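For reference, chains read A, B and C in written order, and residue numbers begin at 1 within each chain.
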Amino acid sequence: MLYREAGQFKTTYKADNAIFPILQDRIAIIFYLAVAFIVIPLVGTDFFLKSMMTPFLIFALAAIGLNILVGYTGQISLGSGAFMGIGAYSCYKLVTLFPDANVILLIVLSGSFSAIIGMIFGLPSLRIKGFYLVVTTLAAQFFFEWVFINVPWLYNYNNSGAIEVPRRDVMNVIVTGPEATAVTQYLVVLSIVVVMTWVASNLIHGRIGRSWMMIRDMDIAAELMGVRPLFAKLSAFAVSSFYIGVSGAMLVFMWLGAAEAEPFDVNQSFLILFMVIIGGLGSLVGAFLGAAFIHMLPILMRATPGFFGFKANVTTVEHVSLMVVGGLIMFFLIKEPHGLARIIALFKQKLRVWPFPY
Amino acid sequence: MNKMDSYITEDGRTIGAAVMEVKNITLKFGGVTAIKDISFDIRRGEIRAIIGPNGAGKTSMLNVINGFYHPQEGQINYQGQTRSKMKPYEAAVSGISRTFQNVALFAGMSTLDNIMAGRQLKMHKNFLWQMLRFGPAMDEEIENRKFCENIIDFLEIQAIRKTPVGQLPYGLQKRVELGRALAAEPSLLLLDEPMAGMNVEEKEDMSRFILDVNDQLGTTIALIEHDMGVVMDIADRVVVMDYGRKIADGYPADVQANQAVIDAYLGVAS
Amino acid sequence: MDLLYNIFVGPFVEMVTIPDFFMQVLWEGFVTGTLYSLIALGFVLIFKASGVFNFAQGIMVVFAALTLVGLYAAGVPAFIALILTIAVMGVLAFTVERLVLRHLVNQPDIILFMATIGLSYFLIGFGEFFFGGETKSMITEELGLPTGSTVFEPFGGLLILQHLDIAAVLIAGALVAGLAFFFSKTRIGRALRAVADDHQAALSVGISLNQIWAIVWFAAGIVALATGIMWGAKSDVSFALQIIALKALPVLILGGFTSIPGAIVGGLIVGFGEKLFEVYWGGLLGGGVEGWFAYVLALVFLMFRPQGLFGEKIIERV
């Protein structure tokens, strides 16, 4: 009886169009935000923040970005690793070229470089449909993997070939660099992710999101209805790459602290795609769920044998993790292609009628 | 009668001059000729039926009008503009809207969303407003929602407005598709077998909707249909196609009595 | 000016003035191209029969190689190990079809593709768990494959052909010829082509889809084994090999997803193209371009001919 919406009548279209029309959902979201902004920083250990929450949020943003392209617009992409890299390297160049600028602003701006390149590599999608698009995004992926190593200007001719995050302050608080605290970085990441999620949600619920879904579901009918495939697809690539780029910049500046080309390889592309699939294609909530799952899984798996009282060596855990992830992908695609988000939705459905069975 | 004259029908509707004209259209796919040298016109405000045995090229003809297929020869004259081929976007912008033979609804969206999808061309608030949602974008959304709700009332599908269309029975899907086509406020509505697979009651409902759309909104309708009874009842004029060629063109009664048409449908004994 | 010369004139001059080196590069490209064709062949077989792009083909290649080497290391004589490996691949194919593919029959391409990616990850984890992650060497000699090389002296220069490479080309050629014969001349081959064309129609004339799929996956398994042996002999057996599966994509784009001759032509184009580009133009860019050349080539190709060289033109119906 907790989740019943009976009695909540909408008397205006505006109310009906709200993103969280059910009162309980609105309470829930305020609760989550409160916990995220207030409780966790107060209670969480540095380890928890730095190894679990911050990367989780960063990957969730990437998953939202990829979901826009794959889940909402139906264009497959295996290039997310490279686009994260573009965001990271452009942020590095921006930060080193403009040492006095607000670093948070630069992080968000670096997404635009990913967006532009995303649009360029998205151009083929107008001719090439469905599965063949994988090749386009793989071309981008492997090309940029090569660029990150072979264009020394990108890492400021550093001997190690890596980019290292310099210390930057915003309003007298150290935000990046080795001295930044876990709490600061967590809160910055959280704020960026919350705002960008809100924007993504707005886009999806409006005219543009509808045009994306029209292209996904039946692009011919969409075109005959006046949707210009060029605008719709390129806007999807642009927005998606923007989000992935910002997430890449945050990956290096707010979490890793330094990086070479490795975190942006094709395996990363696969991982983010897995987050989207397991979380649920076409679902913002799913992006968070998927990111949490994929990111927490290896940590959990490492902890489990100890929990049960026996030791397992690290490599075995890695191998078993791979098997579990692969197995779960297959499981989800067979049983519930709409992923964890659908499972949660079904659970909420049960909640609606609880304690009655139906 | 001259195609530029308008006249008034028995039941008081005004049928105007020709608004769409296709001339000498030939459409080939590689070695297969789908449409061979077909010409006919559609008058403003009329219900024009296109009939013929399976494989005659009727859907291809609609696809040419829509701009989905580009004919190798011939011209399309619509609203005074002559083109050798239509582009889908141009067709949509100039007010041509359609339904499809195999229900091409957006399966991932609800009924309401599908009908709102038909309003795409009417919604203009730019990207920045869309990012914000509150303000002009929301106002535009609500304004269009009102329009769509009128259509939903008209088609009597209020109960299913939030249901994902994939879960709807076939007959209702066809109705939703009609709603989506209507949402674009078309001046020319192309219906591809709107009553396929329906039982008698559903056909009566659909016929009523089509007649209402034509009567109340003045929409010109071109309709592919197999049910002769329906065609005779609601069509003002009929074009008959067979193997890509036009074999008859005129009033329903005349076409029904045409020997070539009878041969095409019943087959000629050799 | 210099740059223009280096792009448009220099490499060709080099090719002509140092012909033996050019021939060596061509030969290397040919061998690599043949191996790419083999991998692509595995994909084509499965795609042709079941419409599934089996991303896991790459890991199956590694798996086959690992099983073979593992069995031999456990004391099984080489040829018995070979036969056993074929059997294992058969069981693997059968299991995958039963447990995974069967349940995904009506899903869109992308879902199938992602499922096979999941399968790939699963098999990698399993393989590493079972066989250990270190690199192993292929039991080349024990299988009777020739080692050593022959030296030619064309134009007074030097051309070295590895016997192993020659063997690889010959074996690949034999496999392709055998499969081509099988497809066009035998009853089962005919049934396979029917299934590739239209599942429903094939069912309606009494062809057992399951049987056909089992045969096809089995054939793909044999191809995977041959590929694994050849690649493993050239560059040792490790899990890095499975990334090569991704290379098959450009090959398939160029040659079409459903064409056996296409897989060969595509593989050769990619093999030649990569090697030539890397050797003669790679220096301008700083080297290492083999990683992306094939994809960019496929991309450019797709812009002009979205269905590939041999694929069927896609006519969309509404």
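In this section, a residue touches a chain if its C-beta (ideal position, glycine included) is under 8 Å from a C-beta of that chain, and two chains touch if they have at least 3 such contacts.
Please read these numbers as outputs of a predicted model, since none were measured by experiment.
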### Message
By raw count of C-beta pairs in contact, what's the busiest chain pair here?
### Response
A-C
### Most widely separated chain from subunit B, with each centre as the mean of CA atoms
C
### Task
Would you mind pulling out the distance in Å between where the CA atoms of subunit A average out and where those of subunit B do?
42
### Task
Averaging only over C-alpha atoms, locate the centres of subunit B and subunit C and give their separation in whole Å.
49
## Note on the structure
When centres are defined as mean Cα positions, the distance from subunit A to subunit C in whole Å is 33
### Query
Could you say which residues in subunit B touch two or more other chains, in rising order?
68, 100, 104
### Message
Which positions in subunit A are in touch with at least two other chains?
### Response
220-221, 224
### Task
Quick one: which residues in subunit C touch 2 or more of the other chains?
318
### Summary
As the complex stands, subunit C meets subunit A at residues 53, 100, 103-104, 107, 109-111, 113-115, 117-126, 128-129, 133, 243, 246, 249-250, 253, 285-289, 291-292, 295-296, 298-299, 302-303, 306, 316, 318
### Message
Which residues of subunit A touch subunit C once you look at their complex with the stated criterion?
### Response
70, 74, 76, 124, 127-132, 134-136, 138-139, 142-143, 145-146, 149-150, 220-221, 224, 266, 270, 273-274, 277, 315-316, 318-330, 333-334, 337
### Task
Would you mind writing out the residues of subunit B in touch with subunit A in their complex?
66-68, 88-89, 91-93, 97-98, 100, 104-109, 113, 116-118, 120-121, 123, 125, 127, 130-133, 137-138, 140-142, 145-146, 149, 180, 184
### Task
Could you please specify the touching residues of subunit A with respect to subunit B in the complex?
13-14, 17, 199, 202-203, 205-208, 210-211, 213-214, 216-218, 220-228, 235, 282
